[in-house]
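The next part holds the structures, each set out as structure tokens.
The same subunit A turns up in both complexes below, where it pairs with subunit B and then with subunit C.
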Partner chain A sequence: MSDSKYITLISYDGFEFVVLREAALVSETIGAMLRGPFREAQTGRCEFGEIRGPVLEKVVEYFHYHYANRNQTDVPDMDIPVDICLELLMAADFLGLDSKPQMRDIS
Partner chain B sequence: MADEQVLPTLPKTPFNGASKRAWAQANAPPPSVSTSSDPAVFSSDDDPALEAYESARRHKRRYVGTWYEQHAALSSDSAMGDHSSSPFVRSSPIVCRPLRRKAGARQQKREFRKLDSGIFMGGPDSTDTEGDVPTPYTPKFFASPAQLKISPRSQPQLSEAEAVARERIKRCVENGTQEVDLSDLGLNSISTETIAPIADIEPIPVVVKGVSFRQADPDIKIYLYNNNLKDFPSSLVNIEPLTFLTLRNNDLTEIPTCIGKLKNLKTLNLAQNKLRYLPAEILRLMGDEGKLVMLHTASNPWWMAEKVSFEAATTNCGPNPLIRTPVEFLGSDGRIYSRFRLPLFGDLAESTGSLELEVEDPTELEMPQDVSYREQDDNRLLNPKGARSLFEYALKTLTQLPEPELEEVNYWLEVDEGYPDVREALNQAAEAHRRGGLTCSVCNRGMVVPLTRWVEFKAPAATKLDRELLIPFLKVGCSWKCVPACQSRS
Partner chain C sequence: MSRQTRTVGCRIMGPQSALTDFLASHNISANQIRLDAEARRRAAAQDNQEGQADAAQQQLLNENGDFDTPSPGSDEDEPVVASTGRVTRGRSAAQVTSEVERRKKEKEKHAIDKIKASKKFQKRKRDPDASDDDDDDIVRALFNERAKPLPGQMENCAICNTRFTVTPYSRNAPDGGLVCSPCGKELAKDDPAPKKKTKRASGGPVGARRQTQSRILDGTYHVGGKSLMSLCIQTLAKNIDLAEDLGDLPPKIVDKIARKLSKHRLLNPTTLSLFLKPSNQEVLVYDGAKLSADDFYRIFHSVPELKKLKVRNAIHFKDEVVEYLVDRHIVLEDLYLHGCNLISEGKWIEYLQKKGQPLRSLRVYWTDKHFTDAVLAVIPTSCPNLTRLKVCHNQAVTGEGLNHIAKIATLRHLSLDLREAIHPDVYVKLLTAIGPQLETLCLTRVPELDNTVLDALHMHCRNLKKLRITDSELMTDAGFARLFTSTWSNPGLVFLDLQKCRQLESTKPRENPDGIGLCDEGFKALMAHSGKTLQNLNVHGCRHISSNAFEEVFTADKTYENMHKMEISFCEEVTDFVVGCIFRSCPNLRELNVFGCMKVKDVRVPKGKILVGVPNARGMVIEGED
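Let's turn to the complex of A and B:
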């Protein structure tokens, strides 16, 4: 299960989204969940206790949008519906879907 | 009701043998409708019998249901009697039925009143039910104004100077004068409402005999010198035919990026202000995109290029040298990752002296060394024209919200406290949007948060390079690859 091509994301109100693993790895948080010694890594199911179904749906849409356009240029912007934009902003912050690098560990 | 369960037998009607009166009395139909709502009740004075007028109170007939069903309801008083003995029944073919049989007359009366007036006045014995009314459900994002603690936006008082300015603008609009002189008024600020009418100025064409009539293009000039403006009046950029603008001797600290919309501007005078830098949009106006030819910039505390590097830059490069500071690299949350930092923008108003800025050798470009890129960053951070991050897309939608809603969003972020980064990013993005939005200096794409920033020094007016004449232009990039092109050492 853990090395399946797809993983399942579950919103707090119980919606399940089956996503291509490679696409979902855009999110640093999901990557860490799947890599570590966590239950998520074994079952391939990630539960998000703070993300609503419609918001997670948009996040999944972004995963595929990003995956489809990964080496493209002149990509059209993705439209975000106004009613969920704040929740989406927080979800993006939580999932590490912003553009910033990691500070390298000095060790 | 029991009689609804089985189909009733066909009633005897006058047409199939029963006597008319017997039928009418026996078959008083049930109240017309069995819907859940109260039946319609109306009264009528159509009984001409003398008895009706003898008593002190006249008895009006009450009908239940529609007029064509014609079931007159007895008024509460006559409901007490048997209706076969009632005079009304005898004297008219209309079947009378009390609205509610065997009910106390008093109680009935009260109920009728309610039905009749339709307005409940609340008698002395009525209980106050206000406390029981459940408070309306308010969704999370729409707090009540009291909760929000947003003070009602105070109606800006029209200052004396602005009133004079309005008067002058009005006169210009009426006369078709294209030179709007608002100088020496001591204006501290100028509102959108005052400026908007300028766009309506239409020149009165000169008609000469023998020359074919031609509507002249508007060519508006605005003089705002010798005032105390602290902010560039952003509504000026909506006046499309503006060709001449002087803001000499004001207290401006910044020119917003929206000035790039003034495509017809030919002369711009920004002398004697408190400007530190200019937006890169002005360079565009001087290039192919605009018509700007005259730019007056004297007597401002501009950022200065450090002398030593400056000399190195001018000697090493060709006739059009690129003198610039190192590039500042940022994350989408506004955090700076590079060693070089531009001076804080907020503190500019306080200090007055000019500031020296470190200048980089234009052949080098220092990317932040102590950061590691994740594989997925290749796209979001390093692909200039690729897909942006979801964070930026959501931020973009948020900044385009109308002002009061944005305030609400800010309030909720403040309440939450767990998202200081998000709030900071939103504030910066909203501020940039208010100033006219950001455009990548390299790939010309609109953006919400700059990921690179640097200052380029240009001498637009001078033919000869002089350090004193260099004007700093702030440039922004939308990805970490959107940086000034490196010039190779020749």
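Let's turn to the complex of A and C:
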């Protein structure tokens, strides 16, 4: 099960999303869950006790959006629904979906 | 109107166009072409008039029910359009109408055959979406496109056959021809709602290409989509008026939102409230232009534990606000003010004397006259914990102020950008006093500094990580080489900016007999000393560094792992080869600026690297693809 191409993400209200493992690895948090000596790594099922179904759905959509566009330039922006924007922002922070940190000037 | 009657070639002509000459050399007369075209137009106009008469006749016939009478054949040689007018005369109205119909059909068939053979049709046919059934539709569409009369002409309605004037809004009938406006309205009712054009998602009012270029120059460009966080912040900033509270977002994200809002100039008294949580320790306002003094009071009384305050464009941060700040129990450790010209000298002194004790960092940008030597004089005694001092774009501080700075023994980071010319000796004295513990030294726009300052750096500085000396007109290559010799006990620098340290001599710009500015030896010495640790190097405008020096520094066996960004604009000797060597030697380089390096022509840029400023027509930026 753990080497399956797909993993399952579960929201706190019980929605399950089956996602391509490679796409989900955009998230550092999920990467760490699947790598470490955790139950998630063995079962390939990640539960998120703080993320609602609709929000997780959008996150999964983002995974695939990101995966499909990973080698492309000039990618159109994904649509973010305004009503779950803040929740999504929290989820993005939790999942480590930040842009790669640029080296900053020391000063 | 026949050709024989015309007198071609017997006219006095003015100057001719090149095309006319060319045509004349091939025995084609441009005038003839023009006259022919005029003739055709005239004939068409005549036909129109006749056509109106036809219409009247037709109506008459319709009433008589005598419409379908077959007609005898007619002379095929005459062009249809031009002839109708003449031929009609002397024949019965019925004959005329059916003949016109027949000719119209014939002409149409001819035209359709022609279209079928044309390139345009073949091209459309190759379109994968089009099946064979569509062929006729395509031909029909092309034919209608061609045959459509121009606006302003008269035409018979394809449905009710009445005569009407064609306008740009005239609709096509389902089976060819145009319809009059009442019939058009009927047609419009039957039409399903027009398909909405699918809008392209990216780009928007600014073109996608332009946006990409702008993102590259902003340094926010990367391959692939934006991160989910940026997308959310973008959406949030667009709809910030809907947000009542940012909730428990981590400070890092709140800061990002603040930056985004300020970038769009959306920070105003209402949106400011989102960032004022009582438990916060820092408030960062990147654009305070819309805030009034009352809003600043609000910051102080709603965030009682404030430690770090940053306000850019702090126009209304004035004496009253400082007074309020002094009276409150707020202990600021970090104060960053930009453009606060309404604070008087007296208030600065009062603030520093009363609240200077905990202050660790003081940064003051863009002040005209009130942040003075007298203010700096207070710092050594009243700010015992100050480690960072920045005074930028300041018009009041002179050498006396620098002498006061020299007394701040705790200082680690010092940035000065002063408008007053100050003698190098003052800087030497400053470095002698506080040089040993300095980690950052930025001296921006100092044309009067000379080698004595470089020697003082060499002598006294042990901990420098970031060094900036710009616009010096007196420092020499030998001076830089002396600074970066191996005997300098300072470890390698991380950030070095020596832009525009070069000779300024307009009469003999190429010659540099005294070796003024950063040239070969200095460049080699600095890369030998700091190359391994440097992340950011700026030698913009040091135009006497030769290509040999670059090639020697960036040979195949040398790598500079840490180098992240390099700016070598206006170094005239930089060639394609040098740029290639730089990419080879700096595996982690992300961005290289080569504005004004005219010898850079056609470089292959490795994937993921950005080369900015190549002087070619393709644009200014090349993002590596291989």
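Note that the second predicted complex is superposed on the first by the 99 of 107 C-alpha atoms of A that agree within 3 Å, B and C clash if a C-alpha of one lies under 4 Å from a C-alpha of the other, contacts with A are read in each partner's own complex, and residues count from 1 in each chain.
Assume a residue touches a chain if its C-beta (ideal position, glycine included) is under 8 Å from a C-beta of that chain, and two chains touch if they have at least 3 such contacts.
Keep in mind the model is a prediction, meaning the values are calculated, not measured.
Enquirer: So if we stack both complexes on subunit A, do subunit B and subunit C clash, or do they fit?
Expert: Aligned through their shared chain, the two binders clash on subunit A.
Enquirer: Applying the document's definition of touch, where does A:25 land relative to subunit B and subunit C: first, second, both, or neither?
Expert: So A:25 only meets subunit B here.
Enquirer: Just checking: does A:50 make contact with subunit B only, subunit C only, both, or neither of them? Give me first, second, both or neither.
Expert: neither
Enquirer: Between subunit B (first) and subunit C (second), which, if any, makes contact with A:74: first, second, both or neither?
Expert: both
Enquirer: Quick one: classify A:97 as touching subunit B (first), subunit C (second), both or neither.
Expert: In the superposition, A:97 contacts both subunit B and subunit C.
Enquirer: In the superposed arrangement, which partner chain does A:59 touch: subunit B (first), subunit C (second), both, or neither?
Expert: both
Enquirer: For A:13, is the partner it touches subunit B (first), subunit C (second), both, or none of the two (neither)?
Expert: In the superposed model, A:13 contacts neither subunit B nor subunit C.
Enquirer: From the options 469-477, 487-495, 505-513 or 523-531, pick the one stretch of subunit C whose C-alpha atoms clash with subunit B.
Expert: Once both complexes are placed on chain A, subunit C clashes with subunit B in 469-477.
Enquirer: Looking at subunit A, which of its residues have contacts with both subunit B and subunit C?
Expert: 59, 62, 65-66, 69-75, 77-80, 82, 85-86, 88-90, 92-93, 95, 97-100, 102-103, 106
Enquirer: Where on subunit C is subunit A touching in the complex?
Expert: 200-202, 208-209, 212, 219-220, 222-236, 239, 242-243, 246-250, 253, 413, 415, 440, 442, 465-466, 494-495, 535-536, 564-565, 623
Enquirer: What does subunit A use to touch subunit B in their complex?
Expert: 25-26, 28, 59, 62, 65-66, 69-75, 77-82, 85-86, 88-93, 95, 97-104, 106
Enquirer: Going by the contact rule set out above, which residues of subunit A touch subunit C in the complex?
Expert: 59, 62, 65-66, 69-80, 82, 85-86, 88-90, 92-93, 95, 97-100, 102-103, 105-107
Enquirer: Hey, which residues of subunit B end up touching subunit A in the complex?
Expert: 141, 331-333, 335, 337, 368, 370-374, 376-377, 379-381, 383-398, 401, 409, 412-413, 419, 421-422, 426, 451, 479
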